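Look for chain A in each of the two complexes below; its partner is chain B in the first and chain C in the second.
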Partner chain A sequence: MMGAAILTNLPALLVVVPLLLAPFSAVLPIAGLAWVLALVGTGISFLAALMLQSVTENGVRISYHLGNWEPPWGIEFVVDSASSLTLVVMSGLGFLATLAARRLVAIEIADKDSGKFYAAWLLVVGGLFGLVMTADAFNLFVFLEISALASVILIGMGAGTDRRALVAGYHYLVIGAVGATFYVIGVGFIYAITGTLNMGDMASRLPDAAGGAALYVGFGFMVAGMLVKAAIFPVHIWLPAAYGYAPSAVSTMLAAIATKAALYVLARIFFTIFAGTPEIVDIALSNIIVPLAVGGIFVGTIMAIYEADIKKMFAHSSVAQIGYIALGLALATPAGISAGFIHIGNHALIKGGIFMAIGGFVAALGARASLETITGIGRRMPITATAFLICGLSLAGLPLTAGFISKLYLVRAILETDSYVILALVLISSALSVVYLWKVMEVMWMQPAPARSPKLVENPAIYLPLWMVALGNIWFGIDAGWIVGAARLAATALLGGGA
Partner chain B sequence: MMSLHTAMLVGLLAPLVVAILTPFLAVRHVWRDAAGPIGGVITFIAAVHVALAVLDGETPRLFVAQIAEGLALEFAVTPLGAIFGLVASGLWILAALYSVGYMRGNHEKHQTRFAAFYAVAVHAAMAVAWSGNLLVLFVFYEILTFSTYPLVTHKESALARNAGRLYMSILVGTSVVLLLPAVVWVWLSTGTLDFRPGGYLAGQIDPAMAPILLALFAFGVGKAALMPIHRWLPAAMVAPTPVSALLHAVAVVKAGVFTILTVVVYVFGIDFLAETGAADWLVWLSAFTILASSMVAITKDDIKARLAYSTISQLSYIVLGAAIASSIAVQGATLHIVMHAAGKITLFFCAGAIYVQAHLTKISELDGQGREMPWVFAAFFIGALSIIGIPPLGGSWSKFMLMVGAVDSGYLVILGVLGLSSLLNVYYLLEPVSRGFFRPKVKTVEVTSHPLVVIPPVLTAILSLLLFFYVDFFAALAKLMVIS
Partner chain C sequence: MIEQLAGSWNYIIVIILMMTGLFMVIARANLVKKMIGLSIFQTSVFIFYISLGKMAGGTAPILDGNPDTLYSNPLPHVLILTAIVVGVATTALGLALILRINEAFGSVEEDEIIAAKASQSLARPKRPTSEAAE
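This part shows the complex of A and B:
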């Protein structure tokens, strides 16, 4: 009985467990216990996501009515192949990031704040899961705000080690709020046309509703708002500072999962809500999103090349990688969307690992990681640095790493659409990304450590989860069948129309 | 008799096992130092076993994992791969012995680290040789680069580090930026990366694009040291001589030309290249490299620097054979992998032996030293003759076939290039020998005797001689390459 109840309520569980554990965590006086709660919360979510994924694997689409209120009055959660893959990626990396957080947080956050830290952490994670599952356009805004405000708290907590975190958090708050507001204005317009907030109903009513200008405005505001959240160029400006100055654990979690949720929502807007009005979607994708994605790829890569601060360097690199994902999705072909989903998973693995490793460096150095401070760190912290190297190779897209699979399928998808200019640009940017990776690796491995540098201690609490992620990069580079298959199903589910 | 499957596992894993055991065996230096030669013998036996099967027309296979559709992690031995595997493993036995003598005689530091990475490099070379498709080849090509970096920078001096930086930036840079896209291009246009007799690009890609794809391969494979991406090889000479001998005269550079030959024979197909003329430009570029690097070699007084430029020149013989893309030229190029390996490793062994025993590194200092180290200089002489291509030494076969191939395909100018190059070889390779034997001494040095650095070059010199008389085995394998 109990088992069946859990199974049928899995979608709710995924969101409710982290959100409910958050207040308990906030009042817990012991940092370790708060961490355990966070671990349990993300762990349960991960299990739930895996179960949902196995259910949706054969094309099943789960519609869950919160509180048994029928949509469109009640809120509907939808889990199909597309959202379940996103959920597995996010919850899996969220769990691993939480594992690594224990030590990173102990170093960077004051003990008395730990409870609140993990409370905000659980709110972010739970909010992001909700974002992915909800089929209610306004409810999506609520989850957006839950995760965004909690993220601001987490970023601001970086102030303990670097005061610039406060400014970064403030920027994120303001820019993120503008994005969320845009989105909700857009929802308002579409509600005015269709009289519903349920995405599926919106989709079915939009083609017949004489929307006119309101349709365009609503669509434009919704998309623009989510572009901010997904950190698509040129509205990505909040991201480098936010990831750069946030506490290491937070950078890891945000880089691995936060923008993924927003990208997924973008895909939902394009391919679910506005599935019935393909003409505006096509125009927006090919004339706006594709150029912006390519622009982001270049801006992010070039900024990374000129950045000396390691965390910010890889934050810039994230802007470029988000561009790759957005580009894949914007191709709007089954192959393109699959490529986007493949990279959603693989990039989470890559960046999760990279920021965890940087966290390890920062923890051992007791200073910000810059090209200067990590000089010769390859020999001083071989375990962490080797894992970092593996994730770096994956980012560069070398065979036998997950990153290679991403590049391969993205290139194939671009080629299918005969967009040779885009293909050339992607290849050039991909070659450019080798430049900043080389810079970091060269400093780490090929230069001697400064004379009389103190011995650095590597902590298993950081490097064990880090190595799980690093080996994940290799595992999914050798056995890519799962992610490729799941991404293909996700593309089918998204393009299948309706919700 | 072990099964083929086992033989492949042994050949691939024995060097890796040596690498892993080395740090544990280091408690007794004798154990650690014995591991290399023993591993070499085991690997070589496996390689012979595999090569015999290939000669019987089999394709030994070892499947590891399926990555995605059309992408497998698999080993499969082509006749060319069988040859390269034999060369790498066979010479490893002697190089491992030599390396013990050199490192001990020279009182080098970090000998354990050195021995371990040396074995990893051999493992990577074996895996390159036996790779079943371009993806596997690429992966182990990179592992070969990474594993040799600690060897190049072994001395940990500023000079070694700078050389290491150049080494990595050129080899990794070209492979990631050019070779990897080329591999992906092949996969996208054909859906496979396998090696197939006769190649499979004909009809799959636009003949107008073939020269571009070939250029991505030719310049992406930095290890083939085609000009202008040859600079890493002279830089790598800062490594201890056993590295220069086995890796930068045999395993690493031959992995480069092996890749180019494999791509030409088993991916493009020589008929496709010959019909479209897609490799025409490469004929001239390799001819230019042959001559230009010979010219540079003449100006070098440092023995290892001169040998390095000689290697660049000789590697381009092999690229030239591939680019001419006729049956006979490709066979000549393949044989040249074997012949040049035996000859050049002899020369490097000798250079290292001279350094360990007399601490001489410059050719101008060799005057009269031949009488002090007669075995070393005699071995150098034979190795040099083989590289020049004088019968009865192995190198004469491959050069002869390359010349016939050039004429057959109508490249008469190339015949002149090869002739001129041989003349230059005579000058710059025999100069150290003639100085050693015929000039009065300019420098009196104390020569200490280290048999472990003298015996290997003598053996490889004898090998160069034997290769002339027993070329049939390799020639038969090379012939299998072009029969589809």
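This part shows the complex of A and C:
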């Protein structure tokens, strides 16, 4: 009886559990206990996401009515193959990031602030899950702001080690708030045309609604707002500083899961809400999103090449990787969208591992990780550095790593559409990404440690999550069946119409 | 043309407020002024939603049993209640961050903060060269 009640309410639990645990964590005086709460919260979410994924594997679409109010009047949560895959990726990496957070937070955050830190952490995670599941356009804005405000707090907490974190957090707050408000303006226009806030309902009413200019304006504002949140070029400017100056644990979590939710919402806007008006979606995708994605790939990669600070370097690289995901989604073919979803998963694995390892370096060095300070670190911290190397190779797209699978499916999808210019650009940018990776690896492994450098202590507390992620990169590079199958189902669910 | 404008004057106000706010967010270097701009920008959207829900001649949406009564649409108004809460939270968090920035950098002017950031990232801070210039 109890079990059945839990099963039917899984979608709500995924959001409610982290959100409810957050206030308890905030008042806990002991840092370790707050961390346990966060671990329990993300762990339960991960289990719930896995269960949802197994249910939706056969194309089942769960529609959960909050408070038993029938949609379109009430708020609806939708879990289908697309959202459940995103949820599994986000909650899984969220759980591993929490596992790694204990040591990193203990070093970088004052003990008395730890409770509040994990409270904000749980709010971010819960907000992002809600963002992915909700089928109500305005409810989406609320979840967007829950997670955005909480992540600003987390980023600002980096001020204990570097005061620039405050400015990074402030800029993210302002740019993010403008983006979210843009989205709300767009929703207002679409609501004015259709008289509904439910995404599925919007989709079915839009083709017949005499929208005219309001349709274009609403669509434009919604997409523009989400582009900011997903950090797509040229509105990615908040991201490098935010990830670069945030506490290491926060960089890990945000880089692995935060922009993924916004990318997923973008896909929902294109392929669910505006499914009935494909002409404007096609124009936007091929004339705007594809060029922006390719631009982001190049800008991110080139900025990463010129960056000496390791955290910021990989934050710039995230901009490029988000470009690959957006490019896949913007191809709007089943192959393209599944390539996008594959990279959502693989990029979470890659960047989660990379930022975890950087966190380990920073903790051992007691200073920011830059090309200068990590010289010869490969021999001084071999276990952490090897995991970093594996994730780096995966980022470059070496065969037998997860990154290779992403590139392979993306290239295949581009070939299908016969756009050889884009193909050439993607291949060139991949080659360029090797440049900054080589720079880092060369400094780490081939140069001797500077004389009279202090002995570095490895950080065994992060071994478990770090190596799980690193081995995950190899596992999903050799046996990609699960994610490829799930991504294909996700693409079918997304293109199949309906919310 | 004039009549049309007069009929939608609230939307014109919305556009003016929106552009004012957005301009302040982009152009002002003072962090507090940026927050003020952001608040104006968000408020313009509140007015936009409230205008959407208002029916000409409509009354408050409380059933009075008379089938001829014209009601305003309550939904946009309720949505904006939520958005106002979000807006207040955003402003509060922004101001709190500004306080901390002021403590850490001794300024709330963006150009001065950028200058302070640059001097921190240098290994050895340069001596002010104003004397040499004179």
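Just a few scattered comments:
The criterion applied here is as follows: the second predicted complex is superposed on the first by the 499 of 499 C-alpha atoms of A that agree within 3 Å, B and C clash if a C-alpha of one lies under 4 Å from a C-alpha of the other, contacts with A are read in each partner's own complex, and residues count from 1 in each chain.
Following the convention adopted for this analysis, a residue touches a chain if its C-beta (ideal position, glycine included) is under 8 Å from a C-beta of that chain, and two chains touch if they have at least 3 such contacts.
Predicted model only: the values in this text are computed from it and were never measured.
In the superposition on chain A, A:Ala461 contacts neither chain B nor chain C.
Shared-chain residue A:Leu50: touches no atom of chain B or chain C.
When the two complexes are overlaid on their common chain A, residue A:Phe141 makes contact with chain C while staying clear of chain B. In the superposition on chain A, A:Leu408 contacts chain B only, with no contact to chain C. Using the contact criterion defined above for the overlaid structures, shared-chain residue A:Trp438 touches chain B, although it does not reach chain C.
By the touch criterion stated above, A:Val484 is placed in contact with chain B alone, chain C being left untouched.
Overlap of the chain B and chain C interfaces on chain A comprises no residues.
Of all residues in chain C, only 22, 25, 31, 34-35, 38, 41-42, 45, 48-49, 52, 75-76, 79, 82-83, 86, 89-90, 93-94, 97-98, 100-101, 104-105, 113, 117, 120 touch chain A in the complex they form. Per the touch definition, chain A reaches chain C in the complex via residues 138, 141-142, 145, 149, 152-153, 156, 159, 163-164, 166-167, 169-170, 173-174, 177-178, 180-181, 184-185, 188, 191-192, 197.
The part of chain A that touches chain B in the complex is made up of residues 396-400, 405, 407-408, 411-412, 415, 427, 431, 434, 438, 442, 446-448, 477-481, 484.
Against chain A, in their complex, chain B makes its touches with residues 65-68, 71, 73, 135, 138-139, 142, 149, 153, 156, 161, 164-165, 168-169, 172-173, 176-177, 180-181, 183-184, 187-188.
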